[in-house]
Amino acid sequence: MAERAKIVSLSDAAELVPDGALLAVGGLSLNCTPMSFCRELVRARRRELELVAVVSGMSTDWLVAAGCVRKLIMGLTSFEGFGLAPNFRRAAQAGGIDVEEYSEHTLICALQAATAGVPFMPTRAGLGTDMPALHPDRTWEMVDERSGQRFLACAALQPDIAVIHVHEADADGNARMNPKLVWFDTELVKAAKRVIVTAERIIDNAEFRAAPERTSIPGYAVDHVIEAPRGAWPTACWPEYPYDGQFYLDYQRAARDPEAFAAFFSEHVAPLPDPAAR
Amino acid sequence: MSNWTIDELMVAALARELPDDTVCFNGAVSFIPVTAFLLARATHAPGLIWVASSIAVDPRPDRIGESTLSDALWDGAAMLQSSAADFWSYAQSGRLNTFCFRGAQMDAYGNVNNTVIGSFDAPKIRLPGGGGMADLGCQVPRILLWSTTHDPRTFVDKLDFRSGLGWGDGGDHRARLGLPGGPRACVTNLAMMDFHPESKRMRLRSVHPGVTVDQVVAATGFELVIEGDVPETEPPTDEQVRVIREVDPTDARKREFG
Amino acid sequence: MAERAKIVSLSDAAELVPDGALLAVGGLSLNCTPMSFCRELVRARRRELELVAVVSGMSTDWLVAAGCVRKLIMGLTSFEGFGLAPNFRRAAQAGGIDVEEYSEHTLICALQAATAGVPFMPTRAGLGTDMPALHPDRTWEMVDERSGQRFLACAALQPDIAVIHVHEADADGNARMNPKLVWFDTELVKAAKRVIVTAERIIDNAEFRAAPERTSIPGYAVDHVIEAPRGAWPTACWPEYPYDGQFYLDYQRAARDPEAFAAFFSEHVAPLPDPAAR
Amino acid sequence: MSNWTIDELMVAALARELPDDTVCFNGAVSFIPVTAFLLARATHAPGLIWVASSIAVDPRPDRIGESTLSDALWDGAAMLQSSAADFWSYAQSGRLNTFCFRGAQMDAYGNVNNTVIGSFDAPKIRLPGGGGMADLGCQVPRILLWSTTHDPRTFVDKLDFRSGLGWGDGGDHRARLGLPGGPRACVTNLAMMDFHPESKRMRLRSVHPGVTVDQVVAATGFELVIEGDVPETEPPTDEQVRVIREVDPTDARKREFG
């Protein structure tokens, strides 16, 4: 099945994402985020990305710190108990990035509208809040003439590329999470034009055929597969490894001082471009 | 003398319409398409992905069996797509790009009826219903039609009910509805048809060995587009026949005849 | 957890479904349909049911044969390779039941609208076909003012009760399919006001806790659990038993003659009410 | 002298708002609610179902740990709800009927802000964002609020941004939007509030032992509804304290203080 070989090396990963791409990054908060892939984007000095991150933290903070992000389309961005995401916070406060804030579910609705090929997806979520008015061209209130019922319309949002992290994948693109905890990731996979999967391990196709009910994502929905051992670090890849709490603490401490942070980031992630270049 | 039968010719003709990037799936009573998927995958289209019963991704069954929705087709699958919601997502997004239809009635634009013969409220014959036809006809970019009963009762000028969309009213109707692709070809027991690029009316592409153009015209309840000399349908090669009998050793494909 | 005990006996099952209820029956064609439950509805002489059956065959034919059904809301009704469903066909042709035909996906959209609490769900499915005009109050074409894109609106359809068949369930209502093949069933479960699960086996709650990633439906979404060994017969309960092809053949043969059918039905399902009573 | 601490009083007060038919779940940094769920389940509400991190159904963890979204809470779950789409379906249908909110700012109608302090475009402080607040505030029928910082900076007359909906503009605003239920109570480090049945403004229900009504009024940036004499909040019983320390042996609940 050489015809189906979809494997790309991690070092070539960034070439799959052009500057300015609308990129959806999977994972949930401290969990199962394609961090190795994000590091490659930082190394490659990607610019002007429009990042879709439903509930994220470290991945978004890395990409913002390195100046890769023009716009962040998000539901929530934080380090949870480890505090606010420092570079996201600074950039947002300084106007360094354009923040397009949705709620979790309205953002999922926008992705589902793209999947279904419809102009918008209706929901009761967000009614009566200040969120819809942030982007009236993307989310607007409507009233159903027949029932008189109000709803929020969420315009279709189709990422150019979605990248998610899984436990195992094969050359056909089949992907498996152990166990099958897919979070929002399948919504990103279904909606995006192209899909990249990073995996802890590349396994033989025969292993998928031996337990087909455990496959999380069908190969035909995946365009590229990248082997990335511990590819979710410092986020968790449950049940294989936990998030690295010490890294979050050290990161926060370093983030208090620009020089300390540049050194820390350069040591643990990748060299930061000098501010002039950002 | 030929060493092939009409079902094998239809399977081979349908298989030729399936390129290597095909991601296809099947519904009920689809023995000819399922055999064609297996033939194409085993010969010219090794990259073809077939989702058996819309559930089992890329399976390796050793026979086809008596239902094209049954688990007999699922052996060796790489994934069992567990929920209809997931399936519909991929069918709508275009990842699943190919589906084959047949209907109790078909018209010149490749629209199909599987709902009623007669009026909906007082049908002469109540058929099973459109099922997924209305969904897939609208949303799957590559549609292939087949019929084992090429006669004026099946190929009609006007459907009693439009269950599934082909090219609609023809011309740019699908485009005006904002829908992707459309029907590409129709394989029957008499001939091979495609669709005129502008009018989107069914066009006679070839007649099967031993069948005349007049026979096809007489068996068709609407006016076929006929341009110049109509060639003979290429019969299946010995290799195709061998593979067909290998992937369908129990002749399940013949269940669609008589 | 006695507080959570949800188990009902099969003999009391029909009491859960009042005459006239909007009842959604799970399964797919020849597969995993709650047939034992349907038999109880026939025995109890339920009347005027509005049946939601996305893709069904024998279950619908039984309920129609026994005069339980006023309206059938369906996507497709047949015995596949075993032919048309004889009693459904006769009743529809004679006007004995009201058939509200959708397509598979538009019917799922209507259920999903109920789940989401929105007036309708948009889809491209059904555009350009004769189906929407069958029930213009339930499905209608709309145009998005902003994009000019056409779509079909599918009005919310909320079943009073959904009944599905699974392999295993417990007293809390947790349900598992081995493997987890949920067909349309989860869409019915999510949308319905009340949910009934029939199971091949009632198992101990501890068995669910031992393999939580294999649970198909959470207990909190299920109201009643009924033990029904071979409860899907004559449909299949893959991988445990296949559909009973011989039964389908015998059923079709008997259906050619009213008396023969009455005898056959009485022997294998339940006595038919005399025609006068229907 | 009392043998309980303020975190334990808040947990007990919140737990009393949870009846036996509660089906609840939690988001990030929700130590007080999670402890209250475990207390209620272990005492007066054995039928309560808690979905840990919105993922693990009815788990039996032996401690709470450092993140309320982490798998440390999932031990012994009856189901791992694998997809967000499934979760949202049950949250929208009302099967999941109870959620607890806290916000950097809360107003008199129980609306919350977790987006920005200052203006959205040039914030003084960029907060994490509303996350699921806008979704759950609108769709979950039983909302409970809590705060460990009852002061004028948190309880404000006007939110800088309405991330999550409580009673909206008050009165019948939620009903006019076609939304179910609404906020029922608010537990803080100083007092217990509920909402006036007509105006839907926050109403002082009880003050915690050692706290005066004047202190609560001074700590609240909007005008509280106060009707007649305000009783003292019932302190946790010895049994409640014992159970709280049993279900949260590492004092995770104290992480929300200082």
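Note that the chains take the letters A, B, C and D in the order they are written out, and that residue 1 is the start of every chain.
Basically, a contact is a pair of C-beta atoms (placed from the backbone, for glycine too) under 8 Å apart; a residue touches a chain by one contact, two chains touch by 3 or more.
Small disclaimer: the values here were computed from a predicted structure and weren't measured.
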CA centroid of chain B to CA centroid of chain D, Å: 57
Separation of chain A from chain D, taking each centre as the mean of its C-alpha atoms, in whole Å: 29
Separation of chain A from chain C, taking each centre as the mean of its C-alpha atoms, in whole Å: 38
Junction residues of chain C, two or more chains touched: 116-117, 123-124, 149, 179-181, 186, 212-213
Contacts with 2+ other chains: residues of chain D: 80, 82, 85, 92, 139
Category of the chain touch graph - line, ring, star, complete, other: other
Pairs of chains, among all present, that meet the touch criterion: A-B, A-C, A-D, B-C, C-D
In the complex, chain B residues that touch chain C: 28-29, 55, 66-67, 69-71, 80, 82-85, 88, 92, 115, 120-135, 137-139, 161-165, 168, 173-174, 177-179, 255
List of chain A residues in touch with chain B within their complex: 1, 3-4, 112, 114-117, 170, 172, 174, 186, 190-191, 205, 208-209, 212-213, 215, 218-221
Chain C - residues contacting chain A, complex: 113, 116-124, 137, 144, 146-147, 149, 151, 155, 179-181, 212-213
Residue ranges of chain B touching chain A (in the complex, touch as defined): 20, 23, 46-47, 49, 51, 56-58, 60, 74, 76-82, 86, 89-90, 92-93, 95-96, 139
Chain B-touching residues of chain C, taken from the complex the two chains share: 28-31, 55, 74-78, 80-81, 84-85, 88-89, 92-93, 95, 99, 101, 103-106, 108, 112, 123-131, 134, 149-150, 179-184, 186-187, 236, 238-239, 242-243, 245
